[in-house]
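Across the two complexes that follow, subunit A remains constant while its partner is subunit B and subsequently subunit C.
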Partner chain A sequence: MAAKKPTDSRGAARSALSERTDAQTRKGIVELGARVVRQSLAETDPFVDVPLRSLSNTSFNARKRLLEMGDSTQRRNLFNTAQARKFMQTVLLSKGCKDLIEAGKTLSLRGMYYMSLHTIPGTREKTFEGQEESDGILEDIEVALEALRENLHLFAKKRGTMVGPITVRDNGDEIDCRRMGTGGYAIPSICEPGVVEFGKCDAKFVLHVEKDTVWSRFNEDRFWEKHNCILTEGSGQPPRGVRRLLWRLHHELKLPIYCLLDCDPWGHYIFSVIKQGSINLAFESSRLAIPDAKFLGIRAEDYERCELTDDVKIELNDRDIERAKQIAGYPWFVDKKPWQKEIQRMLRNGFKMEVESLITKDISYVTEEYVPARLKARDWLE
Partner chain B sequence: MPTLVSSKDADVSDAKATAGKQPESRKPRGSTAEEMASGQREIAVSEFFAKNRHLLGFDNPRKALLTTVKEAVDNSLDACEEAGILPEITVEIGQKSETRFRVTIRDNGPGIVRRQIEHVFGRLLYGSKFHRLKMSRGQQGIGISAAGMYGLMTTGQPVVIVSKTGKQQPAHEVILKMDTSKNRADIVKETEHAEMDELFPQGHGTQVTIELEARYQKGRQSVDEYLEQTAIANPHACFAFIAPDATRLEFQRSVKELPPEAKEIKPHPRGIELGTLIQMIERTECRAIGSFLQEEFCRVSPSVTRAICDHAKVKNTTTIGRIGHAEAEAIFKAIQVVKIMAPPTDCLVPMGTKALLSGLLRGVRAEFFSASMRPADVYRGNPFQIEVGLAYGGELPKEEPARILRFANRVPLLYQQSACCSWKSVIDTNWRAYGLSQSRDSAPEGGLVVMIHMVSAWVPFTSESKEAIADYDEIRKEMKLALQEAGRKLGIYLKRRARMRHETDRRDIFERYIGEISKACEGITGTPAKKVFDALTRLAKTKTEQADQDLDDEGNVVEKKLEQDDNVVILAERIGAAEQAEAPTDLIPEVRPTKVSRPAAAKPKTPKRSTPPAAPAQTPTVPAPFRVKERKAPEGGLFEEGK
Partner chain C sequence: MAAKKPTDSRGAARSALSERTDAQTRKGIVELGARVVRQSLAETDPFVDVPLRSLSNTSFNARKRLLEMGDSTQRRNLFNTAQARKFMQTVLLSKGCKDLIEAGKTLSLRGMYYMSLHTIPGTREKTFEGQEESDGILEDIEVALEALRENLHLFAKKRGTMVGPITVRDNGDEIDCRRMGTGGYAIPSICEPGVVEFGKCDAKFVLHVEKDTVWSRFNEDRFWEKHNCILTEGSGQPPRGVRRLLWRLHHELKLPIYCLLDCDPWGHYIFSVIKQGSINLAFESSRLAIPDAKFLGIRAEDYERCELTDDVKIELNDRDIERAKQIAGYPWFVDKKPWQKEIQRMLRNGFKMEVESLITKDISYVTEEYVPARLKARDWLE
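Entry: the complex of A and B
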């Protein structure tokens, strides 16, 4: 396993995570179980402590320009009606992960959900109501054990695609991303060094687009070939695998990351997550967040600048307006005049626009005129 | 003997009685006073009521049947109680044709002496209860004779009475018809029997049989309902009812002692009107106004007499004959001003909360019962007292509005609910404060029975048919206070029940997950699941016990009070019976032995926890065996039969 040497202590703790051995992770789980057994046999209230993954326990580190998780933990008691079920689920999934590690197998989050799903004997209650319930608890376990999903032998559904002048070695197989046809390389859920290694790379930058449809447009026009870049896509809010890959392309290969997202609060939020990290995964910010990522568009002024028609307007609803104001208040946006202006302008417009709206001009407008013009003019938001 | 004089046919010379009621114009239609006088004559009360039978509760065939049974049963209860006998009453209704029924009511009372029989049953306004002020069911001396008269008028059949006054006495069987024009009875036939043990095993009693046009239908305002409610208000009496289809219902007694006898009282001066005062002055045997006041009224001492006379500017030695209208009015006014003690209340015999609870337990299959009794109070010079009972939950229907059982002197009132003071006091009470739902101007909703009982030597009915209590402020206030007291206890109980549910939910949750957790722990650490399971189960138990304990500490006063309150009964096995479906048995809170016996115990759901029916605190008794036993006592309460 070849990981980059971390530069500061907190990063050290986090980065070291990926170097954990199965034995370490297993030990963590056994300790968790043993504590519960100990408490039970001593007939004291059994509990598990889980670091709190909430806004209140997240702070923005202005120097490092990323979201960090605080030290608050949440105690989950068995003998508390509101917590009993989660307590049970935590123990159940911990056992599932231990079984996986011992068997030397990996499972998708969904697989893990099914492995632990059953009706509790003597009741009509299921151990989990749906995969989201199990996913949430697994994230808790990651944080509680200071392990990563991959340490627990789990992975998420593949979401995200890549194409461009780069060769990668995925689990030992060499993959030339220049020759991926129309489908592209499916970015795996686990993009840790050791699993995914970078080979020869001629790219000068990365263009990350919001979704698959836009990505296909760029791929079809061979944009990456003409502009010598890597083209990625993350199916909306990019999953951890895609973010980890972007992070590594940026940090290891020193490629700048440009994002082409919708002009709406959701697009702004995706950018914010790529750039600063998310509240939910704040504990992994140092491995995922790219504070230098750049927002290329769509911009609120594009309606006039690109002379778009009324057809592209999608009205902002109350929820959007509220979200936009929230985003404008994020500590990493609050001091950035251009961002404040951008959000204000969108609100003044009263409508949002998708990247696809540029297609109304011409099918290749976005790939042949819009993006090249923005890049040339160095016209982006930081 | 009072007679009614038609105002239209009034004796012209009797100016005092009919002044102002003379025909005003003399000739417009050509008949003179002389001519009219020829048509003016006395009307027998019986004639009057024969024409106006709705005044006595015979408006329609169904109500006529109820009224007939009610008049006879009320008489039997009155007679038994007055003679100090625990009442045993049988009511039998036989159907002779589509609309014709034969009703027989038999009691074990003192009987009626032979020479009185034709008067009692053959004359209206003949009775023993009118000329006295004493709490009793009957008052006017009309009841049973009116029923007989109705029977005779609708079927032509005479009334048959069998009565026996003692073991050594013969039984007299008298068949009689009322002559309405004379308000007298004609004996059709009479027989003397030496023995009549099959009717009167105790050697005394009365049986009345009346044939009448009627309709028998169960449900609200039926004979069945009347008997059920009468059984509730008279737990010391037992009843058997043989319906037209020959089914037999029995109500065993649940209290073995007679209620204490009500004392007769003299009227309180404040309770009478000017007209009555004048009448009393005319009739009295006293010679002077002072002695009249002292002797004919209660609470009038020599000093009060002096005060009244001084205020009225009449000497208290003035001979009665010299008291005219003006003097009487002055005395009347003085009475309203002078300080007079409230009337004595020993003339009131309420059921008492224990008997009331016992009665409710007998007829209502609820889980929670509370009762409360107010101290006696006075309205317009008449002492009265209010007691109420509440029954909640159990098998009572949850969706329906509360059922109000109204009683006056132990007699159920089945008609004109909305005109009754009891009803008004119920909708006036804020039941939401006790955890029940209630919409504006209506009764509370959901599995509740409210019983309101007013006792008084003179119950102020809104009309002659004795169906609704008049709405006096004093009465309504007392009713509301009583409802509030009982309601508060219900409120405490409901809160506690909700809390118990919550606690059980808690325990459930823990126990549900303990299995999962211990298995997972075994998978992780290798510690046998059983070991962890047992430890956690023990822990869960102490946890919830602790929680129960905490509750006790917090709500100490409350909990203790409910359990030890003599005016509250909780039947553990009926809790949540209406929602039987999924109610886990654990919901049943521990309850101390009930204080009052109940005639039919519900099938206990948790045998280990159900408490044996304990003896009633007041008069320990096993339901007295009833004479004729063909069918068991009614399993059902008010809501099972005939609905």
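Entry: the complex of A and C
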């Protein structure tokens, strides 16, 4: 357990990401340090092994339908001028995370950067040149310890909101997401069990929309009340907190996840990450990816199906076309005829469309007709 | 009152920004249209007058301590090739806002752009080339009608969160900001009376911090509970919703507003906008600006006062130096010796500092020592 755990009961609740996980993570860090000490005392060159986070060490597991990280690792030695800096940074930040866990506190990535920032005595060398350097090492530590960033007590910028027929216990507070007004419940950066727990839930599914402005349209039209669903948004590419929350709603509460995203390569990529995971966080796919997530739209055929006007067309640029082809080639899309057809049709159209384009029909067309019709017809891409 | 007002009681609550305001705003739009019709029937060149939103038409009212818009207007005629497009856009978007008010619905700025987007029959001319065009015209309409964007039923991207000893009624839902867990209450884009109402409040002041990651530190340390305050953040330059909420907390509940921002020109500018208003929204200063807001820090002297190390220094670049001098020259800073000293000292330091830099002292130094000490010593800039 945490050594200097605060006596404040709420602070404690906060730290208890789960006491077991905290103890495990701390143990992992202590072992990493002990290995380095043993190597040093044995007068060998100390090192840490860090799994490789690269496309070459990432593969698609067709059975689990997830992106997974392979077994390749990279050794970082202290007595190697090319590796010494990263070796020392890894040890330094590991200690920082240990301190955080023991204090029962959490910190932003920027905060951790500052906490570990100093000038090496007797030199003008700083421990980090910038936050990017420490962010990268922190991801290495996650992978090396097989611990989520959340287990290291670190968080990123918070984005995303939720409403719907569910009660959430967040750090001991009961939050009734049925009564969150126009603003909604701000989804925390850390959505792990122990911090966020689910209470009474009457929802039948989750509708996840790309943008908060679209979310506001659905919330104002009380879509979640009429259709008995949870309504979430991730302000673009959803951050880990939102993905983890969706994952838990899906796996723990068995709720299907429907996504309403733009008809463009960015929308398709957001869906791909929600569904199969991302290359950079492949080691976390099993705790973040939702292979059964469905893509409701916007579909390339909607231009004709919904009788939209030319005004909604946003021309695909060269970069879009290149991205679309890349996405069509992803192993988890390449064998899926409906997705191949979808991307081909978008390319043939020559334009992208945003969810907001449905407003040209009617303010509430998207909430009153489009989504209900797709759900009723079970018309989505998987 | 709204014509097609929805029967759903909550939808209605949402629309009732205040029925009186809705009726007034609608009347203003109808009058604008009626004038154009009268001019047309009289076979004169129809026009709309739009107050000028520019630095030249903005002045600092030293008595009210607010930025104010002057009386200069710009006439937009239909029969003038340089003005016809903007004239027609103004009329078109005014109609869009009237439709929204009558439907009792709200829409994002992007949504309104789409709603008003079409190709003029018989031409290949679109009503707007992009959203920037419609956003600008919507600001013109606000000024011309002396109505807030919120009164036009329009909202922007939502940012910012709040916790603290206050109960808020948001669209009829009671939200107890004392029990919002780690996530907090997401501050809506529209924080007008009628949508957001204040219930029981035990707070003695508001602490507004620049970033959500810093906010999380304060929330985790239960600062708001220990110090009986409301804790808000605006994710950088606070959006209108957050500014309006702060304004209302200050004016309606008489709470002092203390700001904790970075020691850099951007932090100073954020404070300037919170306190005196912005040039672009000068016409709304009286409903957004808080002349009594206080700047707690970070102060340029904190490098020495808090015994920080060189690691926290972020060198000022040319652009920073230029901005700092501009800000020092603002009429509302130019006569304030403490602000002149502050900016001079930062320039002499040659570096900026972020709030997070205090983490180099201790994770909770900012919540346990820095802010309490400043408050106790009444040590702030005004």
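Simple rule for what comes next: the second predicted complex is superposed on the first by the 306 of 382 C-alpha atoms of A that agree within 3 Å, B and C clash if a C-alpha of one lies under 4 Å from a C-alpha of the other, contacts with A are read in each partner's own complex, and residues count from 1 in each chain.
Here is the rule we go by: contacts are C-beta pairs under 8 Å (C-beta built on N, C-alpha and C of every residue); 3 or more make two chains touch, one makes a residue touch a chain.
Just so you know, these numbers come straight off a predicted model, no measurement behind them.
In the superposition on chain A, A:220 makes contact with subunit C only, not with subunit B. In the superposed model, A:119 makes contact with subunit C only, not with subunit B.
When the two complexes are overlaid, the chain among subunit B and subunit C that reaches more residues of subunit A is C. In the superposition on chain A, contact of A:103 is made with subunit C only, not with subunit B.
Once the two complexes are overlaid on the shared chain, A:253 sits clear of subunit B and of subunit C alike. When both complexes are overlaid on chain A, the residue A:175 reaches subunit C alone and has no touch with subunit B. Of the two partner chains, subunit B is the only one that A:29 touches; subunit C does not reach it.
Applying the stated contact rule after C-alpha superposition, one finds that A:373 touches neither subunit B nor subunit C.
When both complexes are aligned on chain A by C-alpha atoms, no subunit A residue touches subunit B in the first and subunit C in the second.
Within the complex, the subunit B residues that touch subunit A are 505-506, 509-510, 512-513, 515-518, 520-521, 523-525, 527, 531-532, 535-536, 538-540, 542-543.
Chain contact summary for the complex, subunit C toward subunit A: residues 8, 10-11, 14, 100, 103, 105-111, 113-115, 117-119, 126, 155-158, 161, 168-175, 179-190, 195-196, 211-214, 216-217, 220-222, 235, 309-312, 354, 356-357, 359-360, 363-364.
Contacts from subunit A toward subunit B in the complex involve residues 29-30, 32-34, 36-37, 40-41, 43, 45-46, 78-79, 81, 84-85, 87-88, 91-92, 94-95, 98-99, 120-123, 125, 127.
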